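Following this message is one structure expressed as C-alpha cells.
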Amino acid sequence: MSGVLSIANLRLRRGEREILRGVNADVRAGELVALMGLSGGGKTTVLRCVAALETFEDGVIDVGGVVLRPGPAPSRNTIRELRTRVGMVFQLHYLFEHLSAMGNVTLAPMQVAHVPRADAERRATELLEALGVAHRRNALPRELSGGEAQRVAIARAMAMEPPLLLMDEPTASLDPARRGELGETLLQLTTTGRTLVVTTHDDDFARDFATRVIILAEGEVVEEGNPREVLTNPQHAATKRLLQSARSEK
Amino acid sequence: MSGVLSIANLRLRRGEREILRGVNADVRAGELVALMGLSGGGKTTVLRCVAALETFEDGVIDVGGVVLRPGPAPSRNTIRELRTRVGMVFQLHYLFEHLSAMGNVTLAPMQVAHVPRADAERRATELLEALGVAHRRNALPRELSGGEAQRVAIARAMAMEPPLLLMDEPTASLDPARRGELGETLLQLTTTGRTLVVTTHDDDFARDFATRVIILAEGEVVEEGNPREVLTNPQHAATKRLLQSARSEK
Amino acid sequence: MNLIRRPASLVLALLFATVARAQTPILHWGGDAEGGAPFVEADPNDPSNLRGFDVEVAGEIAKGLGRRPEFVQVSFSDIDQSVQRGDFDIGMSGVEDTPARRKMLAATIPYFEFHEVLTVRAEDRGKFAALAALRGRRVGTLGGTIAYEKLLAAQKTDGVICVSYDDDVHPYADLRAGRLDAVLLDNIIAARSMRRVPGLYTEPRPVATSHYIGVLATNNTALRDRVDEVLRARMRDGTLERIYRKWKIWDDYQPAFFASVLNAEKAVQQREKRTAEGGATQDLGIVLRYIPALLRASLITIVLSCAAMALAVLVGVFIASGRVYGSAPVRAILTMYVEVVRGTPVLLQLFVLYYGLSSVIRLPAFLAALLGLGLNYAAYESEIYRGALEAVPRGQLEAARTLGLTESQVLRLVRGPQAFRIALAPMTNDFVALLKDSSLVSVITVIELTKQTSIFAANIGSWVIPGILCAALYLVLSLPLSRLAGRLEMRWKAATE
Amino acid sequence: MNLIRRPASLVLALLFATVARAQTPILHWGGDAEGGAPFVEADPNDPSNLRGFDVEVAGEIAKGLGRRPEFVQVSFSDIDQSVQRGDFDIGMSGVEDTPARRKMLAATIPYFEFHEVLTVRAEDRGKFAALAALRGRRVGTLGGTIAYEKLLAAQKTDGVICVSYDDDVHPYADLRAGRLDAVLLDNIIAARSMRRVPGLYTEPRPVATSHYIGVLATNNTALRDRVDEVLRARMRDGTLERIYRKWKIWDDYQPAFFASVLNAEKAVQQREKRTAEGGATQDLGIVLRYIPALLRASLITIVLSCAAMALAVLVGVFIASGRVYGSAPVRAILTMYVEVVRGTPVLLQLFVLYYGLSSVIRLPAFLAALLGLGLNYAAYESEIYRGALEAVPRGQLEAARTLGLTESQVLRLVRGPQAFRIALAPMTNDFVALLKDSSLVSVITVIELTKQTSIFAANIGSWVIPGILCAALYLVLSLPLSRLAGRLEMRWKAATE
C-alpha cells in the first residue's frame, strides 16, 4: 500500500487538557485531504505532531517510513529524514521578517537543496506568479497584506517540493478567486504524485478540491469520506453542528 | 443624516505604489457593512486610515464629527475623541502576549473606562461565552488556537462597546458554525444602534449577515449595494473576477 | 661587568684592577639603597661607595665564603621575587623574618633583633603606651610588614583602626599632622624618623620582637647553610657586635638574642621543619585574619551597588521614555546626555564629581561615588530600555491605542512589561558590572572590596589567595542576582513564548 | 597653639615663654619638611628644630615684617591649594616660578635661581650633554615641574621619551638601573641625589633656568608686596647671599640674577600684568603641548578597545550558541564561565593575568590587557546574544526547521540576523564601556588616555581642562560608534518593524 502518512491512536495533553484523544488517519499518495473541525478541535496540533514540532503522549506517526513515537524529541537523523518528506504552511505565516518575499522563498532551496541562486529565483518567481504575488516579490513581510503574506508562505513551502505538504488554513485570508486558484494549483500537484493535508474552515473549498475530508471533533476523528457526501449529508452530530449555521440560510 | 462614517476621496501611497486611489464611502448608524475585494486590494488599509493608524495623502474621513485630514498625525485631542468612537479588530489579532485571554479583554475597560475589576470580568466572561471561548479565559495567547485567538481579539474590541467597530477578517479562522454565531452576534449589535464595518473574503457570510456590501478593487470602490444582489448578480468586472472561482463549480 | 669610562690615562690602571678582582668569585647581594641609613645607603663623602650595617654584614658573609661582595640595587618590595629569579645570590637589607618568607624562600638564621615600637606625638607621651590604649584610634604602619600583621590582629582584639602606608615617611608626617594617633614600626625606622620629623616620641616598651634575615632562592639551601655558618661564627667572635655598635643599633636585647641563636642551633632547624609543614595552617591563619576586613568592604560594595543601580534604573527609565516619546528638543538633550555620560569614563566622572566640583560643592566620598556610578549607569540602562521598548511588536501597540489607552498607559501596561523581559539579560549584566565598577570608587578614598584585596595582597606578598578570595566574594554578591534574573526570565519564557 | 606636655616642673617656665611669644604676631609659612635638605628638614641634632635655606629665608621675611615665623607642614603638592585656603600666609619650600602658579596665586619676586640639569650614568658622561642628543631615549623627571614641561616640549622637538615620576628618588634609581638614560631635574635635587645614588654624573651645562618664589593667596597682594620689599632689601644687604653660601647653593649665576631682580623691579611688575592678561593664551599653550601625548594615548585606547571587542564578540557568539544549543554539560561549563568572569572584577582579572600568572607565563602588558578585557567582555556579550537569540519569535524557527534547515543554518540565517538587531543597543553600550574600561589597564603599566590625563592634571594642578579634554577625546572615539549603531538600528527598524 502506498501509505504516505499514517497516524495511529495519537494522544496529546497540554497541562490538564486532553487535546488529542486517539486520532487515527491514513493518507495515500496523491490525495488532497481536507482536515476540518470546530475551531480549537486540534487540527493544527495534529499537523504539528506530524511535522515533529510537538511531542506526544501516545500513538505512532509513520511518514512514508519515518516513524515518530511518544516521548522526548526524536533523534537528529529521524528529524533530518523527516524534513525531506514533510513541508508545512503555518496558520500565522511565520515569514522571516528580515528577508523579502523572494528571500523567504529562495532561502531553503539555496541553503538546503543547494540550488544556484538564479535557478532558485526563477522557480520562486514561477510560484509567486502562480499564486498572484509576483509583483510583491521585493516587499518585506511587514509590507504585505494578509493574503499576500499567506501566499508567500505557501510559495515558500512549495519551493522545497516535499512529497507531503501540510497546510494550516491556507485559504483563511484569500478571496474567493484566489482560493479557487490555490485549489487548482494544489490539485495539479496531486497529479504529480504529491500529497496534501489541508486544514480549512471553508466547506466550499473542501467540497470543490479535496479528494477526501476528515472531520476532527474534540480530539477524535468522527467522520471521513468523500467531501461532497460528508459535507452535504453529515452523519455525525459534530459534523452537523460544524456545518449548521453556514447552511442555515442558504 | 445619521452618518457614522464618511470617507471622501481617500488617497494613499506607499513608496511607488498608489494603494488607495480615491475611496468614497458612507456608513449610517446601525449598518453592518461588508468590505470585500481581492487580496491586496486595500481593505485593511482603509480600516487603518479610519482608525488613524495611517496617515494619508488626500481626502477626508469623518467619524461622527471627528474629522481626519491628510498630512501629519492628527492632534492628541482628535485622537482621544476618535478612540471613544472607533474600535478595531486586527487581521493578525495582536493580542497582548503577556496577558491571559481575560486580561486582554478586561485591560481597556478597567484602565480606560475605569470599570471595577469584578464588573469588567463579568462582562468579559459574557462576551467570551457568546463567542464560545470562555473555557480558555485563563490561557495565554500562545496557548490559543488560531480561531480562539481571533475570538478573544473580537471580544477585546467589543468590550469597549465602541459606536463604530472595524473588523479586519474576523471570520478568517472560524469554522462555519462559529462564523454563523459571530454573524448573529454582530446583527444583534446593530439593533442597538451600533455600526460595523467588516472586511471579509467569505461571500456566504456577507450574503447572510451584511446589510450592505462594498467592493474594493485596486484602491477604488467599484460597486456597492445589497449583498444578495451584488454577490449574486455582480455588475463590475472586478466583482465578477472576485467571485468567479468560488462559484465556478457550485 | 661595567667598565667605568674615565679619561684615557686611567683606563690601564682600572683594567688591571678589574682583571685582578675578577679572579675572586663574586657574591651578589641585593638590597635597596633607598632604604637609607643605617641599612644601606650611598656614602655622602663618596657616592660611589655604599655604607650601612647591612653592607658590612654582607661583606663579612662574602669574606667568610671567600668571595667578593657586589651590590645589586633592587626595590625593597621586589627583593623576594628577584632573589628567587636569580638576580642575585642573597637578599638582605632590613628583610624581616616572616612565616610567609620562610615558606617561599630559603632563609638564613636571623642576624639582628629589632622591636616594633609605638611612636606618638610628643604631647601624647605616655598616653598610648600599648596597643590596648589605642582603642578606636588610627594607627599607621607600613604595609607588608610584621607591624602590619600585628596591627591587623589588634584591630580585632583591641579595636584600633589600622591604616597602611606604602612608605615609611608619610605615617610619621600624618602622625604629626594629627591624622594618626600612633605609628607602629620597627625601632630602627622609628629612630630614623624621629630625626626627620620633629615633635614625636617613641614609647620605649616594644610591642613585638622580630629579626632580620637573609633570603636565598628556594633551591639554594647549600649556600644558605654556609651563610648560616658564617653568621654564627661572626656572632661568636664579636664581629657583628662591633658592626652594630658602629651603627649605633646595638642594644641590650642583642646579647640575649645572639645567645639564643647560638644555643638553639638545633631548635632553629627544627622550627624550620615545623614551619614548612605547618605552612598551610599558618597561611589559613593569615587569611582568616583578613576575612572581617574583606566582609566589611563587601558590605560597602553591595550597599553602594544596590543604591547606584536603583538610581540608574529610575533615571534610565525616565531617559528611555523621554527618548522614545519625548518631543524633538527633549530627545536631543537626552541623546546628548547619554552620549556624553556613556562616552566618558566613569573614573573621570568620579574625579570631576569629587575633586573637580570640590570648589563648588564638597560631596562626601560615598555620595559622590553613588551619584557618579548611578548617573553613569543610567545612561547605559536608558539605552537598553530604549532598545527593548522598540523591540515590542508594533501591532500590539496599535491594538492598545485603538482600545483608547493613552500613550503612557500603553507604555506602562503593554510595552513596558514586555520590554522588561527583553531588557532583563543586559540589565543583569549591568548590575554585575556595576558591582565591579564600584571598585573604581577607591580612587575617591572609599575603601571597598577590590581596594581591600589589593592591600591584603600587598601585605602577604602574593595575589593568589587574596585574588581567589576577592573573586569568590564578588561571585557571592553577583550570583544571587544572576539566579534571580534567570528565574524571572524562565518564568516569562514559559509564559510568553 | 599647642602646649607641649612635659613633666610638671617645666610647665610654668613654658607657660611664661608661650605668653611672651604670643605678644609678637605670627607669620605662618607652609612647606614640606619631607623635601629635605637643603630646603626644609628636621635638624638631625634636635628633631624638633627645622633647618634649611628656605627656613632661613622665611625667618628673614618674618623678621622684616616684624613677625615670628611658624612652620606649617603640608605635602608639597598641596602647597598651592593650602595657601589659597588660608592654612598659612605664605608657601615656600622649593616652589617653582610657573605661569600657572602666577595666574592662580599672588607670587612674590623670585628669590633664588636654579637650573634644570641633565643627570646621566657616570659611564655615559658627555654622551648626552643636551636634550637633542637624547632622541629616542627615555628621560625621567618629576611630574608637575618646569622640567616636566621642558621635557614634554622636547618630546615633540627632539623626540625624547618623557617618563614622569611622583617623587624625586625613583628617577635616579631607575637611571642607575638602566631603565632611563637621563634625568632632568633642578641642580639642587640633582646634587642631593648624586650623594644618595652612586655612579651618576650631572652634565654641567643647564638645560633651562628657573626660580623659586613664595606664593600667597590671590587676595593677599598687600602682604605679598611687603614680602617683596623685604626680599629685595635682603638681596641688597647680602643676607640672602650669606644664607645660600651657608647651604652651599650659592653659585656664579646668583649675582647676575640678584642684579636683574633689583634692576627690573618695574619690568617684573609689568610682566605680572602681562601674565594676568595673557593667561588664557598661556593656558592654551600648555594645553596644546599636551595634545600629542593625549592623542598617542587615544590611539592605544582605540586599538586596544577594538581588538578586545573583536575578541569579545567572537568568544561571546561561541558561548551564547553553546548555551542555547549545547548539551547539558557544555551549557553548565559555559554558564559557570560567564558567572565567574562576569562576577569578578576586570581589575582583579588583569592583576591575576599580569602579576598572578607571571610565574607561569610572562605576558606583555598590552597582550595581557587585550586578553583580560576581551575575555571579560566575552562573558557580557554572550549574555546579550543569548537574550537576543531567545527573543526571536519561535514560529520563525519552526518555519525554518520544517524547510529542512539544520540548527546551525537556522542560527546563521534566521535567528542570528534578527537577534543581532535586538543585541545592537546593548552591544554598543558594551563597546563604549569597553573603550572606557580600557583605562583600567593603566594598572598593568599600559599608558592610555585616562592615565595620560591624570598625569596632565597632576602637572597643571587642575582637573578642569584635562578632564574636559579627555572627555572630549573619549567622546570623539565613542560617537562614531553610536552613530554607526544608530544608523544600523534605523535601517533595520525601517526594514522589519
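In this document, chain identifiers A, B, C and D correspond to the written order of the chains, with residue numbering beginning at 1 in each.
Note that a residue touches a chain if its C-beta (ideal position, glycine included) is under 8 Å from a C-beta of that chain, and two chains touch if they have at least 3 such contacts.
Keep in mind the model is a prediction, meaning the values are calculated, not measured.
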Quiz prompt | Intercentroid distance (Cα basis), chain D paired with chain B, Å | solution = 70
Quiz item: So how far apart, in whole Å, are chain A and chain C when each is placed at the average of its C-alpha atoms?
Solution: 70
Self-check item: Where chain A and chain B are represented by their mean Cα positions, the distance between them in whole Å
Solution: 28
Practice problem: Could you list the positions in chain A whose residues touch two or more of the other chains? | Solution: 92
Quiz item: So which stretches of chain D touch two or more other chains?
Solution: 497
Practice problem: Draw the chains as points, connect those that touch, then say whether the picture is a line, ring, star, complete or other. | Solution: ring
Quiz item: Among all the chains shown, which pairs meet the touch rule set out at the top?
Solution: A-B, A-D, B-C, C-D
Quiz item: Considering the complex alone, what residue numbers of chain C touch chain D?
Solution: 2-5, 33-34, 41-44, 47-50, 73, 75, 122-125, 169, 173, 176-177, 194-200, 339-340, 342-348, 351-352, 355-356, 380, 383-384, 386-387, 390-391, 394, 422, 424-426, 428-429, 432-433, 435-436, 439, 449-450, 453-454, 457, 463-464, 467, 470-471, 474-475, 477-479, 482, 489, 493, 497
Quiz prompt | List of chain B residues in touch with chain C within their complex | solution = 51, 53, 80, 83-84, 86-88, 90, 92, 94-98, 107-108, 111-113, 140, 142, 153, 156-157, 160
Practice problem: Please name which positions on chain B make contact with chain A in the complex. | Solution: 14, 36-40, 44, 91-92, 132-133, 136, 143, 145-148, 151, 168-169, 172-181, 183-184, 201-204, 208, 241-250
Quiz item: Okay, in this complex, where on chain D does chain A touch?
Solution: 393, 395-396, 398-406, 409, 413-414, 417-418, 421, 492, 495-497
